[in-house]
Structure formats: structure tokens, C-alpha cells
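The next part holds the structures, each set out as C-alpha cells.
In the two complexes that follow, chain A is the common piece, with chain B as its partner first and chain C second.
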Partner chain A sequence: MAAYILRRLAYSLITLALFFALIFVLVRMTGNPADLYLPLNSTQEMRDAFSARLGLDQPIYIQFGRFVLDLLRLDFGDSLVRGIPAMSVALNAFPRTAALALVVMPIAATLAIMIGSAAAYRPNSIAGRTATLGALVATAVPDFWIGIMGVLWFSVMLGWLPTSGTGGWQYWVLPVLALAARPTGILAQVVRGAMVQTLTSPYIKAARAKGISKQALVFRHAFRNATLPVITVGGEQFAGILSGAIVVETIFGWPGIGKTMMDSILQRDFAVVQASALVIASSIFLLNIFIDILYARLDPRISFK
Partner chain B sequence: MSVSAQNPPGESTGSKPTGGYVLASLRHDPLAVGALIYIALLVLVLVGGSVVLGEMAASQNLRMRNLAPGALEAGWQYLLGSDSLGRSVLARIVVGGVRTLGVAFTTVVIASVIGTAIGIYAGYRGGLADNLVMRVADISLAFPGILLAVVLLYIFPPALTTVIVVLIVNRLPLYIRVSRAETLEVRERLFVSAARVLGASTWRIATRHVLPVIAPTILTVATLDVAVVMLVESSLSFLGMGVQPPSISWGLMVADGRRYLRAAWWLTFFPGLAIILTGIAINLVSNWLRVALDPVQAARLHKHGDDDGQ
Partner chain C sequence: MRNRLILPISLAVFMACAGTAPLAADDSIVVVLPEEPQSLELCESGSSIRRVTQHNVGEPLVQRDPDTQTLSEGLAVSWTQDGDTAWQFDIREGVSFHDGSALDAEAVATSLNRTWNEDLACGVAQQYFQGNTYSASAVDTMTVRIETDTLDAILPLRLSFLAISAPATSTTEKSAAPIGTGPYSFTEWVRGEHITLDRFEDYWGEAPQVAQVQYQWRQESAIRAAMVQTGEADLALSVASQDVLPEDRDTGRAVSFALPAVTLLRFDLVDPLEPLNDIRVRRAVNLAIDRQGFVDVVFDGQGSPANHVFSPSTIGYDETVPQWEYDPEEARRLIEEARADGVAVDNEIVIFGRLGVYENATESMELVAAMLNEVGLNVRVEMLALQAWLGVLRSSYEPGRPTNMMQQSHENVTGDAVFTFNPQYTASGPFSALRDDFVNEHVAAAQGLSGEERAEALREISHYLYTEVIPDAPIAVTSSTMMLSDAISYDPTPASFEEIVIGDIVLTP
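Here is the complex of A and B:
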């Protein structure tokens, strides 16, 4: 197991390195920060001095070489906008997004298991059909639309919740609502599919023939096997929030990693874009390894080779 | 999951479902029938309507601004209200829908064709090519798709083609993954080995033996993906990085309406509703296709339904 994890980490490092080279080139293609940071009437000398100070006058392969050397010393450069190390900007923003994901996913998973089981248990009953349709609606609703409609309903009309910002629990309700809908819908469909499959498999038939009650059948026997695909897809959704909460963060002024990265791209704050991308990608790699381990723990047929 | 481990998914498509069978399966699925009718009507209304209403969607009328929905006394075009410049929301939804669905459909067709070709190639050839393709696909999995899109859209001019190219880049890995995984499994089947022994060229095996077997899976994935692309494009347009004014898309309408939320909720509500309804319909069709194109799963589902009735 330890050997497997080590090999996975080594593999991830190669992918991370490739990914990093790509980001490095891409952010530099967005243009020279000098256009943004120097006054319009600045002279060519000022521009050159600015570029030289940031090392942007060098050919890109030299810039990249320097960048890699700095990386080895764990130096990610300083933020152009804030003048503090880029990595601390990224590490300051990331927990806010991770906290959102950590609140959203348990809620989404619990709801999805309830909806999905109801849909699979009696697929043709009214409750089953309602659950199936509910899951579909949740899958199809754009997060920004839920966010805006939530603001309209709960903030503007009822005045119960703040429109944006951070603070007490009131500030969490709408972002969580907006982010939870789609994972709930997708997971509920996965639960439904997995449950339909397990409920018709031979071992369930055997258990049923033995006279086990329907509740025990669903929750003790079928559910355990149905958790595996739920974990896979749940992991993807979790990663999706870590990297893709950008729209919801923008709507609610949530200073998470997505908003930080988006703002940094617009401000050509290359160091922060790079540091944020590294933090997001590393967290997703770690998440994937964690899910693999969890998977092997839950399914004795899977073993690490 | 445990069942699919015993029956590899591709195995079930060994006997090809005929068109008649697929259509007949609609009898068991009234929701899918409804969804297909909705989509057919939507396409008809959007294509026909955008020709008729194209001018109305852009024409301003300041005396008619911010009309609430149902203001029929001002004219039928204000059924869904009007915006701050007095433009008909209904007309704008029709015209915006053409753009939204057109972008989504174009993206999915191109991404699925290119992605499937790469996936089959990587899966069938294996070795270095396969490794390379999968590492690149890994990157895209770890990389925030929407942020990559934002970076690309910031670099290149915000034209419609840029948006489509960015969306294709965003969706390619999905098709590469799915078609590669399926190819890996099909490659080991007897009929492929037989074809190889008989001297069939790689091209012939890929197009005549592998592709037909994996096509139903790709079709199901692609159908669902139209809804996903629609959401991604809407998000990008919402962030101001997708479809640019004066063009209209549903996501852009939601973003524009946000500023007038207090005064005119309908500017945000109706375009969002259009996205949701269309998304639900596409999901329903994709669900139906997945079952209908896979006889084993269809039998299982129906059997389960019967069991349930007892």
C-alpha cells in the first residue's frame, strides 16, 4: 500500500510538472503586466525597467528556468498587487473554498442517498418518479441562477440573508445552496443507477428469498455496494467545487481560491495565478489518492498492485 | 458497480439494437417522449422564431421598458416582460437560444468526433501514444476547466469561434477517456482478433469493428454533454468571457438581468428557466438512450419494475 501511494505521488508529480509548464506559458500569453501597472504616459525606459525588475525581458525559457529554480527553493514569487508572497495569498484563499466544499458535499451526499434510494426502491411509484424528476431538475439548474434567485428571494424580498460577503452562518446559506444543487442531482442519479443494479443482482435475490425485511435489504445489503460509485462521482464533484466555485464565489463576493485566481488573471498577477493553480491541482491530486485508498478499504476485491 | 465488474459494459452491446427496438422502448418512457417533443418544438420555435423575431430582439422602445410579464395589453411580444431598454424578453430568449444551443451542439459534435478518434487510436495502439494522451488528459482533469477557459479567453480575441474552441478543449478529455476505455475492452474481443488475423488494416478495424460497438456509449455521453456544455457556456457568458454583446445567449441574459434584480426579476428568471427546462429535456433523452441502446440494462430495468409491482 505504501509503495502504491509513493508511486501515485511520483506519477502525480510528473503530471503536475507538465501542468505547471502549461500554466507558465499560458499566463504569460495574456500580455505584459507593464500595460496594466504603469501609467499611460510612461516612457519606454520605464517599461523596460519594469519588465527587467520582474524578469519579463528575458526569453521565456530563461524565465522558466529561473522559475523552476525558485520553485525548488519553494519561492513562488510575490504578488504584484499585494506585494506579499504569492503562495500566502493562495494559501489564505484556499481554505475558504475548501470549507465551502466540506460543507456542501456531506449535505449533497445525504440528500442524494435519500432521493436516489427512493427513486430506485419503487421506481414506478409516485414517490419514485418524483425523486427521479427532482434529481433531474437539480442536475439541470445552473448554480449562478440559484444564487441570483436565492438573493432575490431571501435577501431582497424577505431580507433574511445577506446578499454577499463573509461572516456568520447567514453568509453560508446561499453559496452552499447554489453549490449543492448540481452535485445532489448528479449523485442522486448515480445512487439510483447503482441501487437498481444491486437490487436486481443474485445476492439480493438470495437475501430476499431468505425472508429478510425490505428495509434491511436496501440499507444493509444493497446500499453498501452502491456506495462505491457514489464515492467516485462524489470525489469528482468535490474536485469540481475546489476548482470551479468561481462563479458562485464571484456572485457572493466569497474570497476563495477561484475568485482569487480569476481576479489575478484579470490583473496579470502571474505569481498568484501560478501559486493558486498549484494549490488547486495539488489538492485535487491528494483528493484522488485519498479516494483510491477509501475505495480499496470498502471493496475487498480491489487491491493495490 | 459489482454487476458491471462481472458484465463489462461493452459486452451488452454485442447484439446491436435495431432502430425499431429503440423506438419501441419509448412506449415505456413517457417522460422521454415528452422531452423529445419539447426539444423538437424548441428547435422549431428557435429556428423559425429567430428569423421572425431577430429584429424585435434588438429593437428598443423606451416607452415600453421594464414591463412585467403578462403585459399583454402592450402587445403579445411582452408576454415575458421587457428589459430596461424596452426590448422583448420573449424575442431575446428565442434569439439567445439559437446561440446557446448552436454553440453547445457544435461543440459536442466536434469534440466527440475528435475525442473519439484520439481515444480509439490511443486505446488500440497502446504504448507511448496511449501514455502521452492519458497524461495530457490527466492534466485537464486536475485543472479547473472553467479557469483554463478563462485564461484562454483572455489570451484570444473574444469571438464566437474562440468560445467554441475553448469549449471543445474543455470537453475533449471526456470523449478521449470514454472511447479509450471502451476500446481497450473491445480490442481484446474475439471478432477483433479474428479481423486482425484475417489481415484487416488498423483503419478498417478501428472504423468497422471498434467504432460500431462503442458508438452507442459515445452517443449517450454526447447527448448528456449538450446540457453540460450549455451550462459551461452560460457560466462563461455570465462571467463576461463567453458570448459577447450585442449577441445574446441565455447565460448572458441572466448576467445582464442581475443588475436589475430588484426592479425586474423576470430578466433573470426566464432565461434561467429556459436553461433548466432544456437541460432537463436533454437529461431525459440521454437517460432513455442509455437504456434503449443497451438491451441488457433495458431488460434489467423492466424486470426490476415488474418485481417491484409484486
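Here is the complex of A and C:
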């Protein structure tokens, strides 16, 4: 397994390097930040001096070369807005988003398993159809709508929860609710599909013929096999939260990496965009390795070789 | 069993520890803004910055009443004009900066020269001190002399926008920890979360009631409104009309106030393209816009139709300029007349809008485009983030560009039209798409005038622009809505969009 992990890390580094090069070029295509940081009537000399100070007057390949050399010294540059190392900005924001994801995904997975199992157990019953419909609705409803409605109902009308910001557990409820809906819906459908497929397989039929109860078949035998796609899709959803919780973070004033990255893009703070992209991409690569290992642990048919 | 509990217990502890609780003291308030300031530099002019700093952390030499535009003592107790190119200001005694250093002539001169230093690129210098060269020096301990290249009759008015910073402030870099003389000193800025100011106990003036103010920011207007409705915040700025509940208006929690700002469509007249090169089409654009309908829909009735790009209370407003009537039939007739003369009225016109320039900015431009298409023009809207919008502003005269109009919200809090004419219509103005010798010459001449002579000169320019040139389509004098909790009392002024004077807030019992 150690060899497998090392091999995956090596492949990830190559992919990361290519990804980083792409990000480097893309952010610079958004334009010169001088428009934002200098007065509108600034002279061309002022704009040239600004560009020279940031190294933006050089050809892109020279900029990239300097950037790679800085990277080798673990220098990710300074934030144009804040004047502090860009990586510290990214690393300060990332745990807040990661914490959200770590709370959201277990909740989403648990609910999805319950809903998906109920839908698969008696698919044509009222409960089964309701569960299926609920999963579809949860997938379709935008997270920002859930967030705004949650604030209206639970904060303004009922006064049960704070509207936004960070603090104790109460501040987590609405952002988690908004973020958990879609993964719950998607995973519930995955669970339902996987279990329905498993329940029609020959070994299940054989077990049923031997007299094993339907409940035991569903929740002990079929369920275990249905968790495999849940892990894969769940990992995808987790990665989606890490990189895309920006709407929820914006609504709730959650200072996570999504909002930080969006603000940096709008402010043309290239160093922070690059550092944030690196942090998110690295975490997703590590997540994928973890998912692969977990998958192999659960499925004895899979080998690391 | 023990192993299964580790994760949920750890998460619970983590969640309980994460973040900071809001302020709890009775004499503290929370103000929620639409966006986090980019900096807290006292020489910057951006609204997001001045809302926090102006009159709270930093104070100017001259105070200006935002309702009447009258000037009064600030950090300067008196001032006199000395010849054509100099003014002298007597500095108030017994004032100290938040770091304990004394306010004197040397400190004031240093701060002024710092602001006017082109290398520092201060927004206040760009916005309020264009068209002249300024330098300050200490005549004696408490007297500052300011010299200019050419006559500046309104220098005291300009100085009312310039907050004085402490001598310890870097003269080569902008500051994120401002040091001024105001009733509040800067305490902390937790990026992404809040800014805290604390009452300065050695303030020279009347001590404010509020002991501490925490600024937070929420981009979503509904959330800002909800924070006040639930008591999490005491003041929310820039709340969209659709997020105000009926009971908010009935109880006075929601207060709308007129802004010294006009929303407009700027025409590109540097190298104009068809069909906007034809004045009949520009008149048609103005006639096709239902301004009152715009105000009713976009600003929920709070505002008024505009025919200048500044409010009627501004010196230079010409009452002889007729208000644009909503007359789509006449607009169609003018367009057809232009078409008959060979003007390519079917050419596409792009409205470059600016996202977030005011609440419902996107919807407002879609409404305007619909009105213009209704009378036979071919208009589409392209909404841009600020950076992209600025890029278009800079390149809007380049070959290959489409015929375009730019959505703007022009603000003039000074009460003097020269602060509109310079940036908006003179050849060197950063927002200008006009190259007109009459305008350039008359604006330059007006700068040296004062009193009724100045007012008459500015009115003449207004009349020329808005009846003979038609450089833009002014749409409406805008308003903004602020929400106030029951814990405070505050009367917004026309300047409140960018100056929230915490010292004017009264804590209700």
C-alpha cells in the first residue's frame, strides 16, 4: 500500500504542477490590477511603475519562471490587498471551509443512507416514493435559496438561530443545512440505485431462497455493497464543498476559502488566487487518495498492485 | 464505545470554539456594511473605506454640513485666503492623535503633502484636488500655509474631504491601521470578519455615546436586513427595497434618504459611433426612459427623476433645463427621422452595466433596455464586475468597440458642480467621454470664481451640456435605505451612504 500511495502522490504532483501552471496563466488573463489599485486618472508612468513593481510588465514566460523559482523557495508571494503572505491568507481561510465540509458530509451521508435505503426497501410504497421524491427535490433546490429561506424562517420569523456569522454551534446550523441538501439528495439516489441493483443480484436471490429475512438482506448484505458508490460520490461531493461553498459562505458571512478566492479574483489579488487554488487542489488530491484506499479496504476484490 | 464518541465530541468542541461571539455591551453597536473595505487608509475616497473612517477615525481641517453644505471649524479654527494662490489655516490647539502625538502645523502639513503625493495615488487627491498643484508648509507651530499653482476659491470645501493622519503614518505606503484625531481609535481588523473601533477617551470634542462599534459585512441585502430585524446588528446600510418588511417602514426601522447621486447612462462622444453620434438619437434615448417608472420599480418610489447628473441642491444646477418627459412616441419619431437621413439606428447598442453599483443594478438596466427597445433601438445589456467595467471605461473609445452606453452612478456630495464637470465632462476627466473646448475652457475658468459669479458660470455649463450636447441620459436621483435597530436613533444625511458618523448615533434607553 505504501508503494501505491507514493505512486499516487507522484502522479498528483505532476497533475498539480500542470494545474498550477494553468491557474497562473488564467488569473493573468483577467487583466492588470492597476485599474483597481490606481486612480482612474493615473498616468501611464504610474501604471507602468505599478506593473513593474509586481513584475507584470515582463513576458508571461519570464513571470512564470520567476514564479517557479519562488515556489521552490516556498514563496507564494504577498497579497496585494492585505500585504501579508498569500499562503497565510489561504491557510487561514481553508480550515473554515474544511470544517464545514467535515460536518456536512457525515450528516448528508447518514441521511442519504436512511432515505436511499427506505426508497430501495419498498420502492413502490408511499414511503419509498416520498423518499425518492425528497431526494430529487433536495438535489434540485439551490443552496442559496435554502440559505435565504432558512434565515427568513428560523432567524427572522422564529428567532431560533442567528442569521449569519461565526460563533457557537448555532451559527453552523443554517450553513450546514444549506450545504447538506444537495449531497443528501444525490447520495440518496446513489444508495437507492445501488441497493436496488444489489437486491436483484443472484446471491441475494439465493439468500432469500435460503430463508433470510428481507430486512437482513437489505440492511446487512445489500447495504454493504451499496456503500461503495456512496464513498466515491461522497468524495466528489466533499470536494465540491471544498471548492464551491462560495455562495453559502457569502450569504452567511463565513470567511472560508471559497469567499476568499472569489474576493481575490474580483480584486485581482493574483497571489491569493494561486495560493488558494493550490490549497484546494492539494486537499482534493489527498482526498482522492484517501477515497481510493478506503475503497480498497471495503472491497477485497481491489488490489493496490 | 469510547472510540465512536471521539469524532462527534471533537467536532462539538471545535464548533463551540470556532469564531467569536458578537458584542454584548449596552453601549456597543454593530454596523453591517455591504462589503469589506479594501483598506482603512485615511487618504482613500472609496465609500467602503470612508464609511468606517470618515469623522470616526479621521477628521478634516474643515467640517461640512451635508444638508446645507455650509463649512465650519474642524481641526482648523479659522482660515484666510492670502493672495490668489495661497490659503492659511489656524490649527486647533489641544488636539492629539490616537497615538498620543500632538496635532500641530507640521503634522498637518505632513499629512496634506502625503495625500497630494502622486506616488501614493490617494483617491482623495484624485477626486477632490484635480486641476491644480498643492503644497503645504508650517508657517509657525499652529499655522499651515497651502500654496497652489492657480487660484482655488473653494480650497476649504475640498479640504473637508481630507482626513488628517498622524505623523507616524508612512508617507510611502498606505496604512491598514489608521491613526487620526477622531472620536474613535482603530482597535483591530480581523480580515473577513469584522473591524472594531473604540471610543477615544482623549478626544478633543464632545464624547460620543457609543463606546465601541464593530463593523461586519454581508454581501446579501436580505441578510443585512435580517440582522437588524433579529437584533444582531444595529445599523444596516444599503438595504434593497424588496428586503424591507412593511412593519420595518411602519415602525421607522427602515429609513430611506436621498443620495447626492444620480444614476445615468453615459454616451461615448469621444469618437462617437452610430447611432449615438446623432443628437436626435440621444434625445430619443432620454425621451424613451420612463424615469418615474424607473424610480417606482427600482427604488420603490424613493428618489426622483433627474435631468442633470447631480441633485438640484448643487451649485450649478440650472432650473431652466427642462425635465425630460416620458414621450415614447416622440422618441420613435426622432429615431425614424434619423433613419431617413441614413443614420444606422439599427446598430446594436451595448449598455455596459456595473454589478452592484447600487441595489437592483442589473434589473434597472434590463428595464431601461426594454424601454429603449420598445421605441425601436437595438439595445442589449452586459453587466460587468468593477474591474471589467473599469477596463471598458478605459478602452471605450478604441477601434472595434461596439456602440455603447455606460451605466454609472455619479455621486457629488460637495454641493458644487465643478466636482461633476471635472471628472465627468472635461477632457482629462477619468469618466469623461467628451472632448468639448467650451466645456474645458469654461470649467477651468469657473474654478477661480466664487459666490454668485461661480454659480452663474456653472449654470451656463449645465445649460450647454444638457440642452445642446446631450452627453448622457441622467435617469434618477437615487436614494438608499438604511435599517436601524430599536437600540439606536440616527438621522441619516445625504452623506450617510459613505459617511456614517458614529458620534451622531444616540443610544435609546
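One rule holds in what follows: the second predicted complex is superposed on the first by the 304 of 305 C-alpha atoms of A that agree within 3 Å, B and C clash if a C-alpha of one lies under 4 Å from a C-alpha of the other, contacts with A are read in each partner's own complex, and residues count from 1 in each chain.
In this text, a residue touches a chain if its C-beta (ideal position, glycine included) is under 8 Å from a C-beta of that chain, and two chains touch if they have at least 3 such contacts.
For clarity, every value in this text was computed on a predicted model and none was experimentally measured.
Once chain A of one complex is fitted onto chain A of the other, the partner contacts of A:180 are absent, as it touches neither chain B nor chain C. Once the two complexes are overlaid on the shared chain, A:260 sits against chain C while remaining clear of chain B. Of the two partner chains, chain C is the only one that A:42 touches; chain B does not reach it. Contacts of A:252 after superposition on the shared chain: chain C is touched, whereas chain B is not. When both complexes are overlaid on chain A, the residue A:169 reaches chain C alone and has no touch with chain B.
Contacts of A:93 after superposition: chain C is touched, whereas chain B is not reached.
Applying the stated contact rule after C-alpha superposition, one finds that A:82 touches chain C and leaves chain B untouched. Touch criterion not met for A:131: it reaches neither chain B nor chain C.
By the touch criterion defined above, A:102 reaches chain C but does not reach chain B. On chain A, the surface touched by chain B in one complex and the surface touched by chain C in the other have residues 30, 148, 151-152, 156, 250, 266 in common.
Chain contact summary for the complex, chain A toward chain B: residues 14-16, 18-19, 22, 26-27, 29-30, 122-124, 133, 136-137, 139-145, 148-149, 151-152, 156, 194, 196-201, 225-226, 228-229, 243-244, 246-247, 250, 258, 261-262, 265-266, 273, 277, 280-281, 284-285, 299, 301. Those residues of chain A that touch chain C in the shared complex are 30-31, 33, 35-42, 46, 81-83, 89, 92-93, 96, 99, 102-103, 148, 151-152, 155-156, 159, 162-169, 171-172, 250-253, 255, 259-260, 263, 266-268.
Chain contact summary for the complex, chain B toward chain A: residues 1-5, 31, 135-136, 138-139, 141-148, 150-152, 154-155, 227, 231, 234-235, 238-239, 251, 254-255, 257-258, 261-262, 265, 268-269, 272, 275-280, 282-284, 300-301, 303-305, 307-309.
If you check the complex, the residues on chain C that touch chain A are 11-12, 14-16, 18-22, 36, 38-39, 118, 121-123, 125-127, 130, 176, 191-193, 216-220, 222-223, 226-227, 229-230, 232, 385-388, 390-391, 393-394, 423, 428-431.
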